[in-house]
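Next up is a structure, given as structure tokens.
For clarity, chains are labelled A, B, C and D in written order, and residue numbers in each chain start from 1.
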Amino acid sequence: AASATAATRAVAAEGEDAILKLPEHTTGLGLPVVTDGYGKPSKWEANLQRRQSPGLTRVNQASVSFTPLQGLFGIITPSGLHFERHHQGWWDIDPSKHRLMVNGLVKRERVFTMDDLMRLPSVSRIHFIECGANTATEWGNVAVPTVQYTHGMISCSEFTGVLLSTLLEMCGIDKKKAKYVLAEGADGSSMTRTIDIERAMDDVIVAWGMNGEMLRPENGYPLRLVVPGIQGVSWVKYLRRIEVGDEKYATKDEAVHYIDHMPDGTHRQYTGIQECKSVITTPSAGQTLLDKGFYNVTGLAWSGRGAIKRVDVSVDGGRNWRTARLEGPVLPKAMTRFNIDWVWDGKPAILQSRAIDSTGYVQPKINQLRAVRGTRSVYHQNAIQSWLVSENGEVSNVQVY
Amino acid sequence: AASATAATRAVAAEGEDAILKLPEHTTGLGLPVVTDGYGKPSKWEANLQRRQSPGLTRVNQASVSFTPLQGLFGIITPSGLHFERHHQGWWDIDPSKHRLMVNGLVKRERVFTMDDLMRLPSVSRIHFIECGANTATEWGNVAVPTVQYTHGMISCSEFTGVLLSTLLEMCGIDKKKAKYVLAEGADGSSMTRTIDIERAMDDVIVAWGMNGEMLRPENGYPLRLVVPGIQGVSWVKYLRRIEVGDEKYATKDEAVHYIDHMPDGTHRQYTGIQECKSVITTPSAGQTLLDKGFYNVTGLAWSGRGAIKRVDVSVDGGRNWRTARLEGPVLPKAMTRFNIDWVWDGKPAILQSRAIDSTGYVQPKINQLRAVRGTRSVYHQNAIQSWLVSENGEVSNVQVY
Amino acid sequence: QSKPWHDIGRDATPAEVKAWDIDVRPDFKGLPAGAGSVQLGEEVWMAKCSSCHGDFGESNEVFTPIIGGTTKKDIETGRVAALVEGAPSTAPQKTTMMKVATVSTLWDYINRAMPWNAPKSLKADEVYGVVAYLLSLAEVVPGDFVLSDKNIAEVQKRMPNRNGMVFYEPMWKVNGKGDVQNVACMKDCPTEMKIRSSLPDFARDAHGNILEQNRVIGPVRGADTTKPAPK
Amino acid sequence: QSKPWHDIGRDATPAEVKAWDIDVRPDFKGLPAGAGSVQLGEEVWMAKCSSCHGDFGESNEVFTPIIGGTTKKDIETGRVAALVEGAPSTAPQKTTMMKVATVSTLWDYINRAMPWNAPKSLKADEVYGVVAYLLSLAEVVPGDFVLSDKNIAEVQKRMPNRNGMVFYEPMWKVNGKGDVQNVACMKDCPTEMKIRSSLPDFARDAHGNILEQNRVIGPVRGADTTKPAPK
């Protein structure tokens, strides 16, 4: 790394070749417009890919790929790098044949085509989606090498669709009896998840748009449920059906997975909220600082209960904290980018970030989380993350509290 | 179109095959994660491409491609569909060899690598970029068939970079003498544009990030100037140099192009502001309504002078107006999505939108614009756009005032 | 006061609702009539399931094990004792049967999603059968049992972890309050500042060379994890 | 009070600034010393420019014409008369020479960007030459002229459109006020509601079939522009 710096900075007395010898792109003619009718990233960016975590799952169609948070900016996740979680593989469904059915405790059980849905009054909102199992590997000891694998099951996008409440009202929901809705996907797993009726009538979106275009196939094209603040598994992809009911459904992914293993051996069911959390993305584990001196320490914060109010950063393992700058927009149930100045003196340092949301909730330390929930849980690990900067500039994943 | 509706809705007494015969994706196993380490849109979305306007330019490296606004949602433009404007072609520059020089009226003339720049305090902000020539074809008579070609030289993204003011302060700008900066690109055209010092010290960004990842090559990878509210040509791509000076530079693109031809034969120079403007994107020209009845009329509004305060929509050619719903976030110098209910009765209708910005400025009618500026201008056409809905449901581009 | 978009869409036909409304709730609403013996289940299992899950649901190859870790005692108490912190473990890892409290969940899930590569291909009786087979492996039902819509509620009363679930509302409601409290201490905060855990050596390159997973420019580079970690 | 990031980056060397600081301003700051005759310019032009711009800068093939539309009278007044609304046009379209007010602009641009496929390949004297050649085509300088850094300010005084530019500050300053005012009338607003202009028939399919430029689903479809427009 030191040599990389040296290389990019080597300056003869006269000056650098990179300046003195005009590059080809300064003295030639470039490529035409519409070389790509749909463009793609620079070839120099190929290192930033979504990736699997080896050994985490046994088959690739019931697996996860992680977003490379270590190299991202701002709050919008490029759709090409949106994390993936499939239970029975992904599909590129013919949208003209896709249907949404609403059934159950409604006056009229209805069927909607995509044409129908896209005629309805729509909303566009920026929200994060985080897998309930994000950071699961770190419940016990440190297990994985970078923020891509510790925190990369999160993305944030602008979603467009019709409010679920609009559809339920159209179908004549039985306001007395209706207590829950079940959302069901059209893929092989036909993923089902229970959502309480207050939430369903609040800010849940039946979405077709993501970051200005249609959802990507990996993310549920042509239709997915957006359940702001709730773990990703409830954001049912390839959404085909909404049933209005009066009991919770205890589906496989709310009876065998996405349940929290407590020290007394019980499991908490239906714990969908993604509580307030944050992580420093640069510098983060697996990265090497090029030099001593100034760095802009940057990261992401989010809360399933509302907006981010404040983010504090420590460079001494949590002994002392300074409040970071929040980049706008700061939106409810959306990622918020924070930045803070730091001068690295070349000595070991431990970086941490701690988010506070609009309810006043303060992101906990891992020992505080364990004191309540034990160490056998998989889901909902929202502890403060620590990164150790070693003397040689390499950053690594550690637990400090 | 009527037949398309019929086809997607044909229901036998029993029900639709699309529901009764479970599709392959409901009864089979899909594709694995990381099929694409960097994902792409559904194959069903291939119609939405950036496209050239035939006859507009003579060579493809000094040309334009237009964003398909007719099919986009929300405010974020997918980076793959960001409009293109090249003067001497585009390049995929090796970022480790790219340099930014600051020279002129500064204490220290400086050189920055990308490594240097990306260590500095950064900001992330959502802004629109509109080519000064957007909607140029419509100064006189109606000329092009769809909103992609009338208004498609606009995009809106989240940009990340260091404020230009930070760099200028670091170099020790001569606060007394400095009146302007010149921004210069590294491509063959080495595009140069003058920016006044108040603006340079305000919200101009030396940006590397766009929508969470690095800029795309077509948009200036690895570095471009972001000049919020100002026409795209000033957002110099492949940015290699900032010179601080005390006179305007009258570069080719501020002395021969991007000048406003007034009726008295003079040209206004340095008219960079993209004034308040809006357009309905769905339904818009070249689209056909599937049926009578309800539609969500949706579009985009923006202003180079601040935030959008209000958007009104008329369906009777400007005789009567109703105020549309603004989707959040409503940000300064960013696109704002508006939506409004409309029931089409099957009779001819003329749709218009009219934006009002935070300064109180009301988007003008084309005749008002012409009364001041004549008809020979190319740039800065921000008039109210009219779409005619004919009885057969087809929408077309018309001028009505 | 219906909205102008009220009639967009169309009514679903009864056959359509039937085709898609396949969910089965804990109260067995949605469960179709039918029956399947352990023996039928074993046949289906060996033909369509065991290749992935193992003959006895024990395989960890394609997915974590389904069967194992539950005891006769658990069937009595309705609590899987091995789940308690510090309890002696009876299985190498948590199995499906150790966790699942509701037999409806098994029925619903197998019916909608299994076999993994041919979901929704089983007949109702076959689903009853494989559920019976799995329950027999866990000794919840005897080897000659015939599971049906008539007796499934009785079987529910023997599920080893039927009393193992709690509903914790604050993590379900958006306006709930978190169960873990931290305070925003700013100065001289309580921490031992010692490294409690760090990345094990074998994990350094288990995800490939991190150098190649970071940008080639910027304030940092990816660490070359083909070389040893900093001491 | 310098910021902790103050010293990131490095000083530029004089040679580096020289290599990149190529801009030439209207006051000729930045203009290198040198000279080129119309004749030298013609040679360079024929070798390196005419293939795209035509022998006399008149070609409309690769870019709009550079030369044409200016008169002796314009050189006297410094205003190109043909630009005034309603004036008899002297060229098929606006040329570069009709618009450009500052000779520095031509020098700077040709030096930085032309020839299009080999920008920055001309020597300073060659740039002086081709600028002289273009000016001679526009009769701004005689055929035996030698343009140099010494006399270029004099030549500026003969540019046909040198007085044709105005600076309109409200469109340059973010806090300026627009020159066109509308009011937000809401009811019975003044409009004739008649169609003043619509898409010409030949333009209907000039951008291809619009059907194929719209999504295959949604509230609308693309119009099939292989068929005639609605009456």
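Definition applied: contacts are C-beta pairs under 8 Å (C-beta built on N, C-alpha and C of every residue); 3 or more make two chains touch, one makes a residue touch a chain.
All of these numbers come straight from a predicted model, not from anything done at the bench.
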> Going by the stated contact rule, which chains contact subunit A and subunit D alike?
Replying inline: B
> B-C versus A-C: which has more C-beta pairs touching?
Replying inline: A-C
> Roughly how many whole angstrom separate the Cα centroids of subunit C and subunit D?
Replying inline: 66
> Any idea how many Å lie between the Cα centroids of subunit A and subunit B?
Replying inline: 27
> subunit A to subunit C: how many Å between their CA centres?
Replying inline: 22
> Quick one: subunit B and subunit C, Cα centre-to-centre, how many Å?
Replying inline: 46
>> Residues touching two or more other chains, restricted to subunit A: which are they?
In response: 9, 16, 19, 26-29, 44-45, 48-49, 51, 59, 71, 88, 95-96, 101, 111, 113, 115, 119-121, 188, 190, 214, 222, 240, 290, 293-296, 341
>> If a residue has to touch 2 or more other chains to count, which residues of subunit D qualify?
In response: 5, 8, 10, 12, 16, 20, 116, 119-120, 215-219
> Draw the chains as dots and join the ones that touch; what shape do you get: line, ring, star, complete or other?
Replying inline: other
> Considering every pair of chains, which are in touch?
Replying inline: A-B, A-C, A-D, B-C, B-D
> If you look only at subunit B, which of its residues touch subunit C in the complex?
Replying inline: 9, 11, 13-16, 19-20, 22, 26-29, 95-96, 113-115, 118-119, 214, 222, 293-294, 341, 343
> In the complex of these two chains, what residues of subunit D are touching subunit B?
Replying inline: 3, 5-6, 8-12, 16-17, 20-23, 25-27, 29, 60-63, 79-85, 87, 94, 96, 99-102, 104-105, 108-109, 112-113, 116, 119-120, 164-168, 171-189, 191-200, 203-204, 206-208, 210, 212-223, 225, 229-231
> subunit B touches which residues of subunit C in the complex?
Replying inline: 4-5, 7-8, 10, 12-13, 15-16, 19-20, 116-121, 215-219
> What does subunit A use to touch subunit B in their complex?
Replying inline: 5, 7-9, 16, 18-19, 23, 25-45, 48-52, 59-61, 63-65, 71-82, 84-86, 88-99, 101, 111, 113, 115, 119-126, 158-160, 186-188, 190, 208-209, 211-218, 221-222, 238, 240, 290, 293-296, 298, 325, 327-329, 331, 337, 339, 341
